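Same chain, two partners: subunit A is paired with subunit B first, then with subunit C.
On to the complex of A and B.
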């Protein structure tokens, strides 16, 4: 199948106080049409930078190398006009904080219909009608009233629904959701996620879902990629990732989750602290924290192995495969 | 009516709504200005007599049945002259403010959006204009283009542009740094759309407030120009010109012409400034 989004060897350096810091290091990722891909990682691992790189929204002074293609077209080579068309019609972004992404002096109706009216030349009445339908679809009562309200009159959960509705109205090929539920409370989170997931599946849009919640990614996405210090260390089907993690870091993450069904004294943790991409030495980024690390790990960057279920960047992936699986099994058994 | 009253399904529209709470004093000031504007517009209907008709038997007359506020040194009715005078006295500053606001907003939004050398160029040009006192520039314009209101109005508009421009540029830079601007940018809207639809509405109270303040200044400057005899020319009535022609009367014991015209200028400027203050409160400027 032809890929919708192809990211090849994407390297991003952001300018920090005069110098440049490596944030993403030779990241490669493909996204098929209609596919939901989770991008999981700790704070500072480069998740959001990746999302911004896709829409060419990196801050001034960023250095980007590598190849970004959308439907075969090179994103970094787009003219300003092509870029605007790409941003307005092909991709929709949903941010972390819906309140920050709306102009406080404009109404919900202005916000929701802005893209239709400006980029698709839909008349106001028609755009409002369509917006009301979509708002109704995603479970907002009295959408006509909501369209006349201002952002400050709605709750965070409602606003995020409006953002999702506005994204859906454009009928993009790709939705980039950057931690869309971070600013919401847990019950609202699940509602918003359910809406996002069902809409994405129903309308056949591809989604790049960025989160630090492994379970959420597994529940929503077909495939999950794990980002650690600016590198993708593992990429597999979500169901596989949970039961058969191939990388020690993923395995650590999986076992570090609190569980409701098993009582344990202390949560399992990964020793050490997460490194940033620019702090890394010559070897595997995770080596200093990895209990299986050997000399080769510390001295040489691991190759990316294509396995039966996905990709993994680890020297010992083959030997560890079953071991990591057992490790997960143990924690359940004890 | 049924027992169960359902909420009425709203119609699909987005009515623009102006949220301005002016307070009692602000409302009174606005009302006074509306009345003055109406009098200026309807002067030809409301004025008791022609402002140019001279009553030679009644020079420097005081209040009487035929002349409510008396007459000037040429025997012309002061009520009629004040009413007609309101036209130039209000219209010219309005034009000054309109032009200055338009120039200021357009150039500053362009500067704030473009940044870089465009911003530097526009900002330095505004600084240069800022260095000239408005009155001086207006007198210079009159010297070059001849007496009359037009040259003075345009000169004042140019010299007032930086007053609007600087405030708008600062506000626009602040607005453009907001996350929602980054959001609309990443949704592929172009600069013109973003500045007009997103930045300008946020700056509206700021612009409105500053424009009102400038109206007061423009009114005083224009009155000064007419007082110096460089603006409105005899026999056309104008408040500034009336103060000038009434000055000699003050010493002769006939203060009414200069007094009434001066009082109206003070009243208008005070009301405009009060209104500007109240609008400024709304914009969170004070």
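On to the complex of A and C.
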């Protein structure tokens, strides 16, 4: 199948006080049309930089190597006009803080219809009508009234629904959602994710879902990739990733999270702290924190091993295979 | 039965609102809260934004005076907001660690000095004794004596939160309130801090009040829990029982909203299906 988004050997260095810091290191990732892909990482892993690199929204001074293609077209070679069309019509971005993306003195209707009016030249009345339909679709009561309200009159959860509705209105091929529910309460998160997922599936849009929450990514994405210090260390079908993690870091992430449904005597922790790409040494990025690390891990970068269910970057992936299985996760299917 | 270290009875906190507020003349932040905390026990207060969790913390700390109800700590009445004289005693009873160490640590104060300041205030110790006490505290929270001279900016987020915990422990309080103290940490760091807190509780016999929206954290770290919603207590009891067989529909909904293996996000049937607007939840 032809890929919608192809990322090949993407390396990004961001400019920091005169120098450059490595943030992403030879990241390769493909996204098929209609596919939901999770990108999981801790702070400093480079996950938000990924989102920005895709829409060529990196800060000034960033150095980018590698290849980004959308429907076969090289994103880095797009003319300003093509880039504008790509950003406004092919991709929609949903961020963490909906309030920050809205003008507080303009009505919700202005925000929700802006893309339709400016990019698709839809008349205001028609744009408002379409916006009301989509708001209704995602379960908002009295959408016409909401469109006349101001951002301060709505809760964060409601505003995030408005952002999703606005994203849906332009019928993009790809949604990039960067921690869209991190600022929301857990019940609101469930609601917002259910809306996002059903709309994404019904309308056949692809989604790049960026989060620190592995369980959340696995729940809404077909496939989940784990980013550590600017590298993808594992990429698998989501259900497999939780029950059969292949990389010690993924396995550590799964077991470090206290569970609501299982009483745990003591959490298994990953020692040390997450590193950023620029801090790492010659070998495997995770080696300093890994209980299975040997000399080869510390000295040489592991190759990417393609497995039956995905890929993993670990020298010991084959031996560790069954050792890392999360049996607890397997037994819970309800 | 041992005497509870902290007794809260019928705590109620009402804030007056601006005269023209749409939602009425007053806001009931906490309706009627009663609980006991055993020495060495750990209590969880769970709820979403607007539940009243932080108002409870403010009353227990003596930052706010309850509208009605009483707080007793070690048998002494601690209901009134602390005045400057009383605040010193209160500090030995109860301490708090907030979510964001960046805003609770002075960026220009060295880590060791921040701890020394607290020790000097509470204990008549010599310079050498204070120094070794600071170093001991740093080791207790998983840092080392070499961090004495470090400024907060030289530390990672997890290390800063360890400093905040050490500073709270410096006054040797009987009770520590952890107000979303691990919420902003990376998963791998959060697990380290939760284990550290569990060890400290065993070793020091200190009591905890965990204020959190995270049911996983509550399950792991507490013995008993209170579930709050918009100021009201909806459920109260042993943590495992509340989470394994929640009796209130709200607790069930809360629990069913937590991502875990095999979980799928679901549209929830809101009981208040009317208006869209509500208190801001961010």
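Observations, loosely collected:
Assume the second predicted complex is superposed on the first by the 325 of 334 C-alpha atoms of A that agree within 3 Å, B and C clash if a C-alpha of one lies under 4 Å from a C-alpha of the other, contacts with A are read in each partner's own complex, and residues count from 1 in each chain.
We take it that a contact is a pair of C-beta atoms (placed from the backbone, for glycine too) under 8 Å apart; a residue touches a chain by one contact, two chains touch by 3 or more.
Predicted, not measured: the structure shown is a model, and the values here were computed from it.
On the superposed subunit A, the positions of subunit B and subunit C stay apart, so the two partners fit side by side. In the superposed model, A:18 makes contact with neither subunit B nor subunit C. Contact with neither subunit B nor subunit C is seen for A:72 once the two complexes are overlaid on the shared chain. Seen from the Cα centre of subunit A, subunit B and subunit C lie 80° apart once the structures are superposed, a value rounded to the nearest 10.
In the superposed model, A:97 makes contact with both subunit B and subunit C. Judged by the touch definition given at the top, the superposed model places A:142 against both subunit B and subunit C.
Of the two partner chains placed by superposition, only subunit C is touched by A:263; subunit B is not.
After overlaying the two complexes on the shared chain, residue contacts for A:195 are found with subunit C alone; subunit B is out of touch. Of the two partner chains placed by the overlay, only subunit C lies in contact with A:219; subunit B stays clear of it.
Counting residues of subunit A touched by each partner, subunit B versus subunit C, the larger count belongs to C.
Between subunit B and subunit C, the minimal CA-CA distance in the chain A superposition rounds to 11 Å.
On subunit A, the patch touched by subunit B and the patch touched by subunit C overlap at residues 97, 142.
Touching subunit A in their complex are the following residues of subunit C: 48-49, 156-159, 186-192, 194-195, 198, 213-217, 219-221, 240, 243, 253-268, 273-282. Interface residues of subunit A facing subunit B in the complex, by the touch rule stated above, are 52, 55, 57, 83-89, 92-93, 95, 97, 100-107, 109-110, 114-115, 118-119, 124-125, 128-129, 132, 142, 144-145, 147-148.
Listing the residues of subunit A that touch subunit C in their complex gives 42-43, 97, 99, 139-142, 146, 149, 153-158, 183-191, 193-195, 197, 212-216, 218-220, 242-243, 252-253, 256-261, 263-264, 266-271, 273-274, 326, 329, 332-334.
Within the complex formed with subunit A, the residues of subunit B that make contact are 7, 9-15, 178-180, 182-190, 193, 197-198, 201-202.
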